[in-house]
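In what follows, structures are represented as structure tokens.
Presented sequentially are two complexes of chain A, the first with chain B as partner and the second with chain C.
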Partner chain A sequence: MFISGSTDTADTDIRVGAMPTRRAARFSRRTRQTLLAYLLLSPAILYFSVYFFYPIGLEFWASLYSGQPLIGESRFAGLDNYVAALGDARVRQSLFVTLAFAIGVTAASIAIGLGLAVVLNRPIPGRTLIRAIIFFPYITSFVIVALMWQAILDPYTGILNSFLAELGLPTQNWLGDTSTALPTLIAITVWKDVGYAMLIYLSALQSIPSDFYDAASIDGATPTQQFRYLTWPLLTPTTLFIAVVSTISQLQELAPAYLITKGGPADATRFFSLHVFEAAFFELNIGYASALSFLMFLLILAITFVQFRLLNRETTY
Partner chain B sequence: MTFAKTLPSYLLLLFCVALSIFPFLYMLSLSLQSDADVFSGIPILIPETWQFTNYIDIWQKAPFARFTLNSFIIAGGITFLHLIFDPLIGYVFAKMEFAGKRVMFVAVLSTLMIPFFIRMIPLYVLTARMGWLNTYQGLILPFAMSAYGIFLMRQFIRPIPDELLDAARMDGCSELGLYWRIVLPQVRPALATLALLTFVFQWNEFLWPLVAVNTTEMRPITTGLTLFNQEFFTQWNLTATGGIILFIPSLLLFLFTQRYFVRSVMLAGMK
Partner chain C sequence: MSRYKSVGFLHGMVLGVALTTATAAYAETLTLYWNAGHAYQAYADAIAKFEADHPGWSVQWEKFQWPDMRTKLVADFAAKSPPDLVAEPGGWVQEFGQRNLLRPLNDFIEQDGKAIGYPDDWQAYSVERNKLGDQYYGVQIHLTCATLVYNVDMLKQAGFDTPPATWEEFLKVAKATTTGARFGFAPNPSIGYYSSWLLQNGVSYYDPKTNKVNLDSPEAIEAIQFLADLIHKEKAATKPAAGADYEGPQKLFTANRVAMIITGPWDVKPIRSGNPKLNWAVAPSLKHKVQATFAGGVSVMIPKDAKHPKEAWDLLKRLVALDTELAATKEAGMTMPRKSWAENAEVQADPVIGSFSKCLPYAQDVTAELRLTGKHARIEKRLQSALEDIIYNQKPAAEIMPKFAAEANVILANN
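And then the complex of A and B:
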């Protein structure tokens, strides 16, 4: 069918007189396609406008008002909310906690995920099963993760402390002590998310040609040298990708603080997201919460911008 | 590589596997313990008698059946909408030529930079104004499609040869007919992956239901469990039982489709 169709057009092409009508037909087909395309796109245009672009605009507008813009009494306040937010010691503390959490989770996921991927990239027995088991917590709800670890880490009835006591080691109130609460939340989140970094690294490792390693071996490079001078540099784009994706998602993570510690003890795990959540939904301080939220948006945009700059210099092989 | 050399890293790997599984097993153990076991204050790894009645009691102590139904309706509804829209929009960007295509595509992709948490406050206000708090449409529509899903489908639709589509056009097939009869059947595995990822992530979603629902009977299982942990019980055994019930659908889906999951993360993760 296709072949006969194309010979037809080739025939008409030769006849000069047919040109204008053909062009007209093509033009109208293009117009028809444009119309059809926009018709098909219209649900997406509506959806992304209503649920993405309009809310961001609305949020910025609300951030310029004090009180309860959108839902109640409010007064134009200019940039007052932003000034107040940056001057609030509790906001600064929560930003510090959030950055420590995001960087801690990201660094540990990269280190452990890469280690697991390098080991699992070898033909060892049962690696498909091992890979699946380590990945599984990633697709488990944080609600379950929180339940499990609260039960394990409970200072009185938890299994971890009773295990430590049996070994004669000191016990800890893991989630209740200001010095251990944030590291414990980081550890729980890494436990959940490390399988993602592992899988991304595994797929990157599998795309490195084995000739590279053959050549390195012939030149007498030890496995450590091969990792240091071959694997690690080749994985730079992957590492950057994981670093940025993980940092951005951990910066807005609410679940660990909300479900496990409620921000305590003494604000030691008070995430920025928890601060925003409480300001908006407990105190109904919509203007102020919108300003805090918009500040987070700007931070994420900045990180995304840096990602583009860095990834554009990505090495190819 | 000698056996002695790989042994330490293999043992370390097995330790990681044990660490990944242990919390799930401990939760299973807790869910089978009696009140006396839990109140004894001494942690028990394997209960002497298995208290299967926890799995019956829980349905009577809280509207757990309703929570489960809500979760299926919400996650199922969102997955259905994704399957309708993501491949269709992906097809428009992959195979149709029209003025403003580049701008529209960049606009769609730019929404990846506006994460949910940032939009939560205005979304709450908008949903409240439409009178959609505590409704299924209020819980489903904000997640009806995603730039990620559209991008994924476009990547899978692009390799379909244009000659194939042109041939069908010559035969008088309409644009929508092309999509329905030729494109969709070709990308069926990708659709399965999309459905799977969407369902599992929506099944786990807890932030939006936490904000947009304030009646007990509209809660999905995630917020239902969180809140009834505070309202209904103070005992780990029943909470753990609820956790196991929440966890079973993800486990079953994962067991049967583990390969899809692993492959899709490896494929889509790096774009």
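And then the complex of A and C:
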């Protein structure tokens, strides 16, 4: 296959493949351009077909079967798996836990990430190093993060409780108490991911022209007023972007629950994705797990739709 | 580089590529999935001998933690490309065998059974747990049980020269050895460990005649409440961290922070290597209504779609050979399923291994009958949640266990 064309005129003659001139003449220029566009897009189409569309299709197919579709015997069950999923109290509870986790992580990441970005956007000494230190956990594997925090939070040998005991404060079984386990996972995830939010906010802050602040200063605006009436409105698209991307990402999160708490204690950190994972790989209830996954897919699709609606709005300030 | 050197170098490159290609063309790889904690030198030696006896063959020895191995294996089954030989932690043989994912081993056993002593030289229940009807789907390679392990010095300091034998004695020792940052007992958060208390109170997990779980019985409730009270009421046991792996209590024990734990031979090597000076011993299992404990262990199985079942069987025979068993015992303190292993003089003379092996006759395979329903995994997850509700949330066992049993029985009743 080769692509040839003259570049000296706007009316570029592009031929796809070694087609005879007469055959090429049968296609209009618009058709040839469309064909070329599809040809150039074909690697991406192939990639998405193999790794996204085919698995989604396969998952939907499996969700219509009971038993062990994909690995063993199965029988057509129609929408039974979906009906069972919607009536399952454990599914509702895991969805509630997941939403609480996603909202908690997203809200805290935005608040802390923005605060850090505002501080580190100023000319303070060592800011590059501080930014790198804050960003470093984001590029660290969650396996390492999990092992580290499990050691730190161990109720009997962990450094955090030793520190609290030294200060005369009460110690905690951070991961062994249903009231603290989920907030602890949220805190660990925020610690890991806040560098990403900070980086995006820093980039957005640096794109705001300094003239705006100069004009505001001349008008007598205090730093707080400048932030409230200038910086914050101008950062709205960035905030929306982080909010939506983070929410979608956290809704699919498996690692904190799987690696740190195994969903416990007493299902207090049982994420939806962990529920799906266990239904598929431990219970071998693959049809049911597929239905759960497809429901999550629809939920994320809905959130993505909202994302597009929100991001397409004109920002006013 | 001179012209001759260049030509020589090129010839060498061509020859190297040709040899590599030729070797690759004839090389065969046998894939073996193994538990990361069981990668003993004894097995490495058996694998090396297999490779030496089969020129052109190499063994790809892949090591995982059990949950990760299961994830990989299920994905392999879906992709129709499973490994040739797989170790499993108990229960998978029947589970996957029922789903027609394993290769029956009857023809191999008919051919080699006498020579290797299978099944006659194996403890009877270690054979049964690897069968479905008349079909053999796996061979037991480790046979273990958990029992009481105690810190001799901590007990002596508290005035006890002998380990406890009953729940009442155990409670006394646990309370007496709890001082400051040290605890009398560290319970294991993994679900299997709860069963020793249930078994000692005469509870059977599941009744195949009624197709119901028995964990709402007064005996089951008493057993679980005893453990919860030990943590919260008596303050004589640690409260485990959620999600902590099964090694947590062993680490505290090795660090001289708890007087007693319940564990099996898998923790012998970590305790010995973690704290060689620790003065510890193995006690017979506790008794309440009966003296009992749970049996564990590892089997090996060949997937139905394995590419090299004959070679996998050959390697399996080497891994379960008596010499390999004895070498693994010497190296890691692991207990084994062969009767001839239990009769071995060296095994009997070892105070630690000998004590563990004495528990094997009264050890029980707790979930053997429930596994045959094919619903074991679904029920286990619910049981874990129920037990955590009692242990972590301090809810009464009398309230939680009947709820769990009702939920489990619905799962069992539904097709």
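For the reader, a short list of remarks on this structure follows.
Heads up, the rule we're going with is that the second predicted complex is superposed on the first by the 267 of 317 C-alpha atoms of A that agree within 3 Å, B and C clash if a C-alpha of one lies under 4 Å from a C-alpha of the other, contacts with A are read in each partner's own complex, and residues count from 1 in each chain.
Definition applied: a residue touches a chain if its C-beta (ideal position, glycine included) is under 8 Å from a C-beta of that chain, and two chains touch if they have at least 3 such contacts.
It should be emphasised that the depicted structure is a prediction, and the values quoted were computed from it without experimental measurement.
Taken together in the superposed arrangement on chain A, chain B and chain C clash. In the superposition on chain A, contact is made by A:280 with both chain B and chain C.
Contact with chain B, but none with chain C, is seen for A:30 once the two complexes are overlaid on the shared chain.
In the superposition on chain A, A:120 makes contact with chain B only, not with chain C. Greater residue coverage of chain A by touch, when chain B is weighed against chain C, goes to B.
Of the two partner chains placed by the overlay, only chain C lies in contact with A:176; chain B stays clear of it. Of the two partner chains placed by the overlay, neither chain B nor chain C lies in contact with A:102. In the superposition on chain A, contact of A:162 is made with chain B only, not with chain C. With both structures placed on the common chain, the touch criterion links A:70 to chain B and to chain C.
Only one of the chain C stretches 9-17, 63-71, 135-143 or 279-287 carries C-alpha atoms that clash with chain B in the superposed arrangement, namely 63-71. For the contact definition in use here, the residues of chain A common to its chain B contact set and its chain C contact set are 70-71, 154, 156-157, 259, 280-281. Chain A makes touch with chain C in their complex at residues 68, 70-73, 150, 153-157, 173-178, 181, 259-269, 278, 280-285.
The part of chain B that touches chain A in the complex is made up of residues 1, 6, 9-10, 12-13, 16-17, 19-21, 23-24, 26-27, 30, 38, 41-43, 45, 85, 88-89, 91-92, 96-99, 101, 104, 107-108, 111, 113-126, 128, 141-142, 144-145, 147, 150, 163, 166-167, 170-171, 175, 200-201, 203-204, 206-207, 211, 222-223, 225-226, 229, 236, 239-240, 243, 246-247, 250, 254, 258, 261-262, 265-267, 269-270.
Here chain A touches chain B in the complex through residues 1-2, 5, 30, 33-34, 36-38, 40-41, 43-45, 47-48, 50-56, 58-59, 62, 70-71, 116, 119-120, 122, 124, 130-137, 139-145, 147-149, 151-152, 154, 156-159, 162, 191, 195-196, 199-200, 202-204, 238, 241, 248-249, 252, 254-255, 259, 273, 276, 280-281, 286, 289-290, 293-294, 296-297, 300-301, 304, going by the rule given at the top.
Here chain C touches chain A in the complex through residues 67, 70-71, 74, 77-78, 95, 99-101, 181, 189, 238-244, 251-252, 255, 257, 377-378, 381, 384-385, 388-389, 391-393, going by the rule given at the top.
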